[in-house]
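Presented below are the structures under discussion, each in the form of structure tokens.
What follows is a pair of complexes built around chain A, which joins chain B in one and chain C in the other.
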Partner chain A sequence: MAEHSDPNAPWKTVSGIGTSAVTALLFVFFLQYLPIVAAGEPVRWVVPWIPSLDINFTFWIDGLSLMFALLITGIGAMVMLYAAKYLAGHPQYDRFALYLFSFMLSMLGLVLADNLIALFVFWELTTFTSYLLIGFSHTDPKSRRNALQALLLTAAGGLALLAGFILIGITQGTFEMSELNAAGSLVGKEFYTLILFLVLAGAFTKSAQVPFHFWLPNAMAAPTPVSAYLHSATMVKAGVYLLARMHPSLSGSDLWVWILSIFGAVTAVFASFMALRQTDLKQTLAYTTLMALGTLVMFLAGSTGYAITAAMTFLLVHSLYKAGLFLTIGIIDHATGTRDANVLGGLKSAMPITAAAAALAGIAMAGIPPFLGFIAKEVAYAGALEMHLWLFVVPMALIAFALMFAVAGIVAYKPFFGPQGALPHEPHEGPWPMLLGPVTLGALGLLFGLLPGISAYYLIEPAVAAVMGAPDVGGRVKLWAGFNLPLLLSLVTFGLGYLIYLKHQGLRERLARIEAKSPDLDASWDVFLDKFMGFTKLQTKLIQTGVLRQYMFATFAVFALTVFVTLMARDVGGLTLGLGGLGFMEWGVALLIIAGTVLVLLTSSRIVALVGLGVVGIGVALIFIMYSAPDVAITQLLVELLVVVLLALAFLKMPNLDPTGVQKHNFANAVLAIAVGGLTTTVLLLVVDQPFDRRLTEFFEAASWTQAFGRNIVNVILVDFRTLDTFGEIAVVLVAALGAFALLKGAAKARAVKEDKK
Partner chain B sequence: MNSIIFTAAARLLVALMFVFSLFMLLRGHHLPGGGFIGGLIGAVSFIVYSLACGPAEARKALRITPEVIAMLGLGIALLAGMFSFFLGDPLFTGQWYWVGGDSYETSAFSLNTVLVFDIGVYLVVLGGILSLTYAFEEET
Partner chain C sequence: MEALTAIVIGVLTAASVYLMLARNFMRFLFGLVLLSNAVNLTIFASGRMTKGAPALVPYGEDAPLGVVGNALPQALVLTAIVIGFGLLAFTLALAFEGYRRMNSVDTDEMRFAEPKEDTTK
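Take a look at the complex of A and B:
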């Protein structure tokens, strides 16, 4: 891993501080929209892209996208600053900064895009940039493999998503989500079920819901700042964002409620057990991210005010504490050289600021008052009790939150306040650029909790309004909601969580034993990839034989077949063979061409065959001259000449066609040749039969002198009227020449190497 | 090819053909010719030379490697096309400057991007074909 770099290296580089500063500026830019959006006035920008297809870069700032934009830029700026110090002196740091910054921009585009196609483009951009980030330690095969796994899974989901978006566009007549949401729910409309499944496939792969969850813990191969960023407010939240964004259009059906509740709840509970099972703190946090994603999906299943408020509040809280905790773990890792939960302990005296930051984040995660985490949990229970499947959702939420409480203790309390362990290094406090992020994020979690009214008015309620598709009544986000069932559930959570924390080491061993027996999706993925690669290799072997003759046969056979079928289907009528107007010269040239062809067929020498082909070519050039097209004729002659020279050079090194001197022609080849020749002749005769359209000819005749100042129409077309075409053609000439050159020289070099070895 | 007659004739022919190729290039806008045909003739001239005296000698006579010539040609063609872009016209619009007048009839001669573009075509064709032929000939 590229985790440990030189602590003394200069870190105030342009790529580090610059990207962070730009992101911070973006954050400030988005801050100014807070009062506007809170007052219920969304902002919209339109940049036309392909207006004819209703595809535009439409950007839409409402409560939901603004909350995400602020999290992305705010946490992004802190993570970039952190990374500048964390990876200082890393030889590829600049590249890293570029990846991280591009990722930030794609993510920002994703949450701001209103047009579904634009959203898809940004969606895929986040997939690509996160692939680069996860695989940043590219010398490590495991890192590459995990990056590829994330890429394949999320990109496959992305393709499903595109299909879903296009279906929406076709059936609803618009790609703009603001219009779709305003038009009301799609439930019961055409293709609703298919659209829902396609969109969910995209969202569930991106947000790592069971059974697509396994890429997320593997993505921890990335350097810690990347994990902090991708797994708190960005990448993995994209799926949740999409579900929230499309909530007004897609929610409300039984299908939606059942799928989201069950997948979300199973993911949440499974992940919280897995989090307890890990000893690597980074892995623990990865699974708690999974738990958070499951919880969010579960609450998005509901449509009541409390369910949505729970989702939005929890989303905000989770982004803050998760980014903070990841960054803290990075500092611990940097300072002590380990992330093992069993080893770490007693760091509070050596790292007081880190300990404070971790404590703030940990308390938020555990959901203890007066932090926003507590409010989120209260609202969540209130929301869960209101849901259709409350009998299922409430116990699942209780288990997940209790486990979360225990995990918060393991991650944020034990390393600092627990018993001292045997550390690889003497711990030391982190530098300020790395502390700024966790401390700020932790403090925000407390501040938002102490001022629930303000955080609700500016952040949570506008987001809830956006998800509900109607102005929010508000008043749900309160630090003290009175003695009620949610409070009781909270207390139960604390008790249960504390018990689990006390017993967590024993539980961990038991969980490890269960895990060893259960099926391993991650390993199945490898098997699946291997099988798939085997299949593609087999298919390539079948289709790409590598024999040029077979390729040509296939190409001409397809050509003949399609032309034949078209002619039959069109019912073109009879042919007229107008040979009457041909004079002595025309007959002579025709006979010359036929003689050349016969020669090619009968000879057993390649060189003679080549000469025969040359005769055919010159015959064609003569025809051009007869019909007064000198430019074409000259070109034809010269090309003929060059082909003969080039092929002769090649043929000198090849044996005779039939060394025995006996002609052995393949019957299938003959049939194909006759079919192609016959069909081409038929088509040509049909074309000539039609009245000649002289419009283009007349235009060029008239315009080539007056507009392009040239009397040679062919040349004027080439270099003036159709310059772009010509440019493309000469580019092809160059590429083909360079390609052939590389092949010839490469083959010569390979042979030389082989001979050297001998 | 070890023929004294061919070698001796080639030296004369090559120079003539090469000059002819330039002639064809320059007259192309009004009479049969142009960059494509000119490039082909130029390539043929050097191929004849390489057949007579060997590819090593022919490469030396060309001075610049053919791949570089082809790439230069593409660059020149692109620059000729971009010229109009800077003047506010769509890409690849021909630009004409009449020296000593304001139209074809009144001016002594003209400077235009169309010919520059054609020179680019000429160089690409010449360089592309020669790089291919030389590689073929040198392949043993």
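Take a look at the complex of A and C:
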């Protein structure tokens, strides 16, 4: 299936333009909240969902969620327009548009939800919709496998997250994020460590931190617009969003600082080396996304104003340039038929607008002034210097940023301004719907950098305030912060980055050799899945034997065990056997029933077994007669007669009980049977030992004549007070009769028809 | 009498469990019949047993005179007996048709829904 469009196919379809227009309208809708939120007034809507469990669809717009909402809808609208042209003429384009739009809505719900359970629902919805998007080229087995890998990993993390959320709800008594953050830190509270680990499991799998990173580069199997969207502002940022959202509640402990710093830094540095190693530009960008996620996590480890400002600024910058670059790569791929970094070069004359857009995004990525990317890097160094583990964080940030500088050159400079390569197609400029996104995003990166005060006031500072849980002092986002250590570090970054760019081809080969020798987590994943499938097969084989006796045995054994354990745990004390004062009649009836039972148990003859059953039935009826239940006794006798007749009729046409004539007994079955019987007797003895509450019976005795005008209380209960019960009983008998009739007559008829046909 | 009934119920239950674990489906049906009886007696006995005083309101009175048998469990047992009969009749039809189709009453052989896995594979 071709990923690319037919250039002549109509692309202005309802599913293409329509979804993009609706998303753009949403973007405008959220824009109106900018001044309100910037003035420090969060907006909140509540729609009750399950009020009894304190679960609501609460939507909460503060600086953090508004920044995400704008990125999601803004970039979403441009990506949808781009995709309409990129995939025009694709036979399943409508399906794609549906997936992408659903994903956009889920993501929007995720960042706006204030209730943790609602947030979890949206979280899982993004997992499912991204699964559909990554596996969009469903005829390709690799695409399906990678989609499944992303689904399993992130969904497993999602389950851990749910457990964490429930623990938070138990500890704090509310699921509303705004109330939790206002109530202060969870550090030191009950379950804090467990909650932290569970939430981090969710966030780290979603945001692809090492060692859960391997699904992200594989997710590049998706069409390029999807990668642009999922890996810029959305899907993978969900984990970062969650860490930022819960920052006021969870941050501050040593555990938080150490885990986030180390995992973030390792992910960032590992990913930037891997980005350098790739030759497919899309894979390179995938790893730079990982680098960005690692950096964001690393800065969220801190709690100082500079660290958080660094995270929020970098988040904004990264979303803009990464979406732009992905879209640019899509245009290059579209126009030249290749994404190979070694081949691409000299495209600037054929694709001037694309080149300009790429340059804008590339400069932002490299962090060169006056772009917002430069400011982000300055603030990041300032934040890193303030962090607890600065001795570790600063060098890691330096390495990552320098590599980023080099990769920016590879991705955005070399294909356009580098030496000409041998291209599969003659390059041509992209169509305007595909250029609009990258150009706008690139221009915004420059504009935000030139107007740092405005971008800080409306976007960054409200987000910082939301993450810190306190009004922000602001004033950190400046194009010129004076001669200081961060500026010096920036200059070092540029120098080091340029050096790496010059030497990158040699470095790439060396990295490839190292990679070949290191363990492959992606391959281990397949082994793990295979082993897991083997285990489930074994489990099914053990549990689901297909033998009825084993199912029955397990059922009775579990029953016996649970009753036994409960009796032991409750420490019920001694049993009293009140067998005194019983006459000849009582003992006689009891022995009669037992004799009948033993007869059924031990005989190999069908007729003798029927006689035994009859004896038991009559014995039970005798108990009813003796103990004041004549109506029950009559019914019992009647039914017992019918049972014996029916069984006799059927058994005449069925084989003997034991084909060999000798009954085989089973010791284990006998032990279990005696255990179940003994426990039943014990429980019943305990029940009758308790004082009896006759209130209900007294009501019926008093009301039988006065309210229902009947003197036989049992009958009155059946036909008056519990009429519906009796009606249900009649229905059951009717259904059983119909069922039996259909089974016996219907099947016989079907057989007759079959024989006729023969 | 409740204590003696409890022992009888224990015997009935043990026997029905043993029969329901047998391979022969007809024995399983015997177990079902015995289990119905055991359950009915359990409901009856846990409502306490009163000798020789049916739950009737004498003519000219508004309520029974003195202690009479507990009417409520009796009503419940009446319903249970009938439903138990319906269940047995249907199961019997099922067993009978099953035997006609599979020509066996051995539950190890009657594996229409969960056939044995092909071991030759």
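Criterion: the second predicted complex is superposed on the first by the 544 of 758 C-alpha atoms of A that agree within 3 Å, B and C clash if a C-alpha of one lies under 4 Å from a C-alpha of the other, contacts with A are read in each partner's own complex, and residues count from 1 in each chain.
To be clear about the criterion, a residue touches a chain if its C-beta (ideal position, glycine included) is under 8 Å from a C-beta of that chain, and two chains touch if they have at least 3 such contacts.
This one's a predicted model, so the numbers in the text were calculated from it and none came from an experiment.
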Touching partner for A:V639 - first (chain B), second (chain C), both, neither: both
Which superposed partner A:A736 touches (first chain B, second chain C, both, neither): both
Which of chain B and chain C A:V714 touches, first, second, both or neither: both
Which of chain B and chain C A:L724 touches, first, second, both or neither: first
Chain A: partner with more touched residues, chain B or chain C: C
Partner chain in contact with A:G421 - chain B first, chain C second, else both or neither: neither
Partner chain in contact with A:G474 - chain B first, chain C second, else both or neither: neither
Intersection of chain A interface sets (partners chain B, chain C): 630-631, 635, 639, 642, 646, 650, 710-712, 714, 718, 726, 733, 736-737, 740, 744, 747
Residues on chain A engaged by chain B in the complex (per definition of touch): 630-631, 634-635, 638-639, 641-642, 645-646, 649-650, 708-712, 714-716, 718-720, 723-724, 726-727, 730-731, 733-734, 736-738, 740-741, 744-745, 747-748
Touch list for chain C against partner chain A, complex: 1-15, 17-24, 26-27, 29-30, 33-34, 37-38, 40-42, 44-59, 61-64, 68-72, 74-75, 77-79, 81-90, 92-97, 99-101, 105, 107-108, 110-111, 114-116
Chain C contact footprint on chain A (complex, rising order): 544, 546-549, 552-553, 556, 576-579, 582, 586-587, 590, 593-594, 597-598, 600-601, 606, 609, 613, 616-617, 620, 623-624, 626-632, 635-636, 639, 642-643, 646-647, 650-651, 653-655, 657-658, 666, 669-670, 672-674, 676-678, 680-681, 684-685, 687-688, 692, 694, 696-697, 700-702, 704-706, 710-714, 717-718, 722, 725-726, 729, 732-733, 735-737, 739-740, 743-744, 747
Residues of chain B defined as touching chain A within the complex: 28-37, 40-41, 43-44, 47, 51, 67, 70-71, 73-74, 77-78, 81, 91-92, 94, 96, 104, 110, 112, 114-115, 117-118, 120-121, 124-125, 127-129, 131-133, 135-140
